[in-house]
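Right after this note come the structures.
Both of the next two complexes hold subunit A, though its partner changes from subunit B to subunit C.
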Partner chain A sequence: MLRYAIIRILWLIPILICVTFIVFTLVDFAPGTVVDLMITPSMTPEQIDELKAEYDLDKPMIYRYGKYMYNLVTKGDLGTSQMSKEPVAFAFFSRMWYSVSLSFSGLILGVIIAIPLGILAAKVAGTIWDNLITAFTLIGLSMPGFWLSLMLLRWFTFKIKLLPSGYDGTWQCYVIPTVAAGLTLSSIVCRQTRSAILEVSKQDYLRTARAKGVPERQVTIRHKLRNAWIPIITQLGGLVAGSLAGNAVIEQIFTWPGTGRLLVTAINQRDEMMTCGLVILTATMFSIVLLIVDIVYALVDPRIKSAYVRSKKRKKKGAAAA
Partner chain B sequence: MNETLKNNTAAAEVDTRETVLEVKDLVVQYVLKEATVEAVNDISFSLKEGEAIGLVGETGAGKTTTALAILNLVPDPPGVIQQGSISVCGNDMLNLDVKELQKIRGKDIAMIFQDPMTSLNPVLVVGEQIAESVRLHEDVTASQAFDRAIEMLELVGIPGARAHDYPHQFSGGMKQRVVIAIALACNPKILIADEPTTALDVTIQAQVLSMMNDLKEKFNTALVMITHDLGVVAKMCDKVAVMYAGRIIESGTLEDVYNTTLHPYTEGLFNSLPRINNKGSELKPIPGMMPDPTRLPKGCAFAERCKYATERCFEERPASRYVNETHTVACLRYDEPDFHIEGVED
Partner chain C sequence: MSKKAAFATPDGPIVYKKRSRLMETWNSLKTNPGAVFGLIVVALYILMMLLSFVLYTREDVVAINGKEMFLRPSAQHWFGTDEKGRDVFTRIMYGSRYSLAVGFGAVGIGLIIGVIIGAISGYFGGAVDILIMRFCDVLSAIPGTLLCMVLVAALGPGLINLLVSIGVTSIAGYIRLARASVLATRGNEYVEAARAIGMSEVRIALTQVLPNSLSPLIVATSGNIASCILSAAGLSFLGFGVPVPLPEWGALVSGGRTYMLKAPWMTTFPGIFIMVITFACALLGDGLRDALDPRLKK
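For the complex of A and B:
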């Protein structure tokens, strides 16, 4: 298990090399450079060239990339914002909490809606109620998060002036972005829950449980849901990782001081260092969440756990296969 | 003295034992959009405490449906119990509410399922699956229930320490023992065993059967043994009911059915068994197939495959008749006083 985790973490190295290279290339291809915003009309061409040289913009992209990677490997330096002169790591970690708290509130809301609704949909599968739930999830899925955000803002902020329009440090400011993020998430998870439960509903062990006299509620919770967790967790893991990596759109709409908006700003300013550093940190976080999901699998399903153990103790292979 | 009483043959016994299971005129159908499957058609039988009955028949004869109906667990939809009554220890199973049913299932009547590979929940340790039943039906704490689960495992020949293992860590035979331990956890008065050994190797089969026999004696459990294996019935049961297309076509004590076989289908079953003493002899399968349960013929369901069938057999459905106090047969040809089947070959 530990070996598996270490291998997974080591895999991050080639992934990050590719990711950073792609980021540098894309920023280089994008029209404009970081100095464009610093140039004032009074500057002479010489002064502009000097400014460009300061950021190595007179040298090819590969030189800047090599320099960045050299600093990263030798000093562990993720770079410094070329605009604000703020160290990237500091900028990221000081804003991370805002993103994480928003992600988790959206996630919790989504799960609270999705799992019971999914169970209900599976229970009434094929009836009008099932169709209603399907319709609800389809609306949630097809409605873009930004549009929902704007509609919520229009009603709850501008019409009835109940909730703030952006981050202001109160709990109220979490309401709209949480609903916007949670609704889409709950639609996806609800559909997955429904199909996962329907999938296990035909299993023989449920009949065994009923023949023991287990009440239907417990059949659902102890026997069905525990077996349906794996696909639900897979889906959730991807969604958590994705939303931790940045609800960039929602953060942008609500002027949220999170990492997602930081990244969008950095890209707009063609801030190579900041962009690249943020992407590295985000990618790492993404991978770690996925790794945690894999470990959770083993906790939920003993069969997966034994598969990990088996690869370590080869001699047990025969026994488990039988 | 008790020993000698028990060892008397079922027929000779003066029965003071209580009837624990009574199935009367049971009809179960699976109503689908395209067709109605007539799975169980008007069957009746009863069982006294400690008694064992074997329900024998081919796949699709309605044996498992009968068993599920007894627990009132026929999957609904599409299964519908159209008529009949089932009494388990005096409880009318078909008219109880769900709560009452849940009290009886697992406590008064328990079932061993056919396929041990899929009958256990893969994500719960086996001890927990046994303890669940104890916790539901008895006033015990979780840890007392688990201790009981360990005892049950040991009773079926699995070391108690393995209670913390998951089903995938057991072999097929051991899983079946776990399934049996679950069924026996609350000392049920009636045990339904649905082909408990079909999925197992022959050597394991013998072990599991003799273990079941011991436990049955020990707890004085009434047993409904569902099987297509006539040998298993001979070993385990006092009574036999042979089912065909959802009907009991012949029933009686072991001696009745095995020594004075009456129904042509039962004869065919015996004749289609491989003879171990006569390796040269060919297998004699019953020709043809069981009729489609969505379109049962109006006459005798077996007529098409029956070498004794007359025209009347295709027109008229035979009723069950008693030939002695315990032996019944459903065959029209016995209206003719001198009719007899060719007999089971040796």
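For the complex of A and C:
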């Protein structure tokens, strides 16, 4: 088990190095440079060249990548923003909390709605209620988050002036973005919950449990839910990781001081260092969260654990026989 | 394979007509009211797109009309007019081409490239397989939304670039799916039989393995069209999509944002159009899944 975890963790290093290369190449390839926005009509061509040289724009891309990686590996330095002169890592970590808190409030709301609703849908599968819940989740899936945000803003902020229109540090400002982020999420989780429970319901061990006289309540809690949990948790892990980056649109609408909005601004300003650093840091966080989910998954699921142990024993036996 | 199978019995041969896969799927889809509804809506949207090609020119949706700014929805302007006096209904109709193009085009790119690479990976295995899977790991280490944004930034704005970016982002998923499906199909006896009668490897891959491993891909595709339309709208909303005067639906919602109090119809209607097409695609995807997934067959 430990070996599995260590191999997975070590694998992350080459993958993330490839990620830095891809992201750096893409950002570098983008039309326009940060210098374009600084050039004023009064500048002489020499001054422009000087400005370009300051950002190494007169050298090949691979030189800039090498320099970037050298700084990253030796000093842990992701460079500074070419616009605001703020260190990229500082900018990311100082704003990360806002994005994470928005993601988590959306997630909590989503789970609170989704899991009971999914269980209910599985229980009444095939009836009109099941169809209604399915329709509701499909609407949640197809509603663009930005549009829902704007509609909620229109009613709850402009019409009845109940909630603030952007980030102001109070709990009220979390309400609309949380609903907008949580609704899509709850739809996905609800569908997953329903199908996971329906899948588990077909298993023979439920019949065995009933046959030996386990009360129905116990069957649901101990046998059904326990087994259905596993795919749900896996998906939740993916959603948490994804929502760390995925709320850029909602952050933009509510002028949320998070990393998503920072990235949109950086791309619009052609702030290459900032764009590159933000994507790399987010991808790193994303991969780490997914890795943790995978390891926890292997720990929790007795089937995976036993499969792993058995294959190891088999290998040992094979080695002994040889 | 022949379409008919004959069995000799004392009363003469009984001929079973083999129902084709397509007909079977269609019959199953027909009985699913949600899928039928989804299909009708998608057909209506396609009709709307075709009509917009006939009815409107680029000038109609871009031209500024200073006399008719912010008109409420009425018999003349069904969905009202915007800040430059342009008819919102006309713009939405014209914009249907962008959403549909991105929805189908991006999925097409992802599917074609993904299936080819994934099939190679699953069918041949070995070093190629390892290399391709590691490439997938790298691609999926970057969150989809971010990869899309960076790709659009790298390629520059425009419909084709938006389409390519969203397509490329979904490739890793398709590769994995196609690989898994090919791996599962490759072990079947009919593949071995084909090899025994001396079929070439390429021919086996194309005529035996690929057609039989398509079901999970079709299911994933129909669901993905919806999410591609949504991410295109989201990117356009952020200003990374189709350039501004052109009425992509996400950009329409974004453009109406400033005038939300004065002219709420500018944001409401394009959003409803995005929602309905996504809803229809999702319903259709669910229907296809029910029709094609062997585990769900009764």
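Quick notes
Quick note on the criterion: the second predicted complex is superposed on the first by the 290 of 322 C-alpha atoms of A that agree within 3 Å, B and C clash if a C-alpha of one lies under 4 Å from a C-alpha of the other, contacts with A are read in each partner's own complex, and residues count from 1 in each chain.
Note that in this section a residue touches a chain if its C-beta (ideal position, glycine included) is under 8 Å from a C-beta of that chain, and two chains touch if they have at least 3 such contacts.
Nothing here was measured: the structure is a model prediction, and the numbers come from that model.
In the superposition on chain A, A:P144 makes contact with subunit C only, not with subunit B.
In the overlay built on the shared chain, the residue A:R210 is in contact with subunit B alone; subunit C does not reach it. Judged by the touch definition given at the top, the superposed model places A:V300 against subunit B, while subunit C stays out of reach.
Of the two partner chains placed by the overlay, neither subunit B nor subunit C lies in contact with A:L102. Looking at the shared chain after the overlay, A:H223 reaches subunit B, while subunit C stays out of its contact range.
Contacts of A:L183 after superposition: neither subunit B nor subunit C is touched. Ranked by how many residues of subunit A each touches, subunit B and subunit C are led by C. Within the superposed three-chain model, A:N268 lies in touch with subunit C and out of touch with subunit B [touch as defined at top].
The residues of subunit A shared by its contacts with subunit B and with subunit C come to none at all.
Listing the residues of subunit B that touch subunit A in their complex gives 71, 73, 98-99, 101-107, 110-111, 113, 115, 118-125, 129, 132-133, 136-137, 166, 168-169, 171, 179, 182-183. Of all the residues in subunit A, the ones that touch subunit B in their complex are 203-205, 207-216, 222-223, 226-227, 300-303, 306, 319-320, 322. Within the complex, the subunit C residues that touch subunit A are 134, 137-138, 141-146, 149-151, 153-154, 156, 226, 230, 233-234, 237-240, 250, 253-254, 257, 260-261, 264, 267-268, 271, 274-276, 278-279, 281-283, 286. Within the complex, the subunit A residues that touch subunit C are 11, 15-16, 18-19, 22-23, 26-27, 29-31, 134, 138-139, 141-147, 150-151, 153-154, 158, 241-242, 244-246, 248-249, 252-253, 263-264, 267-268, 275, 279, 282-283, 286-287.
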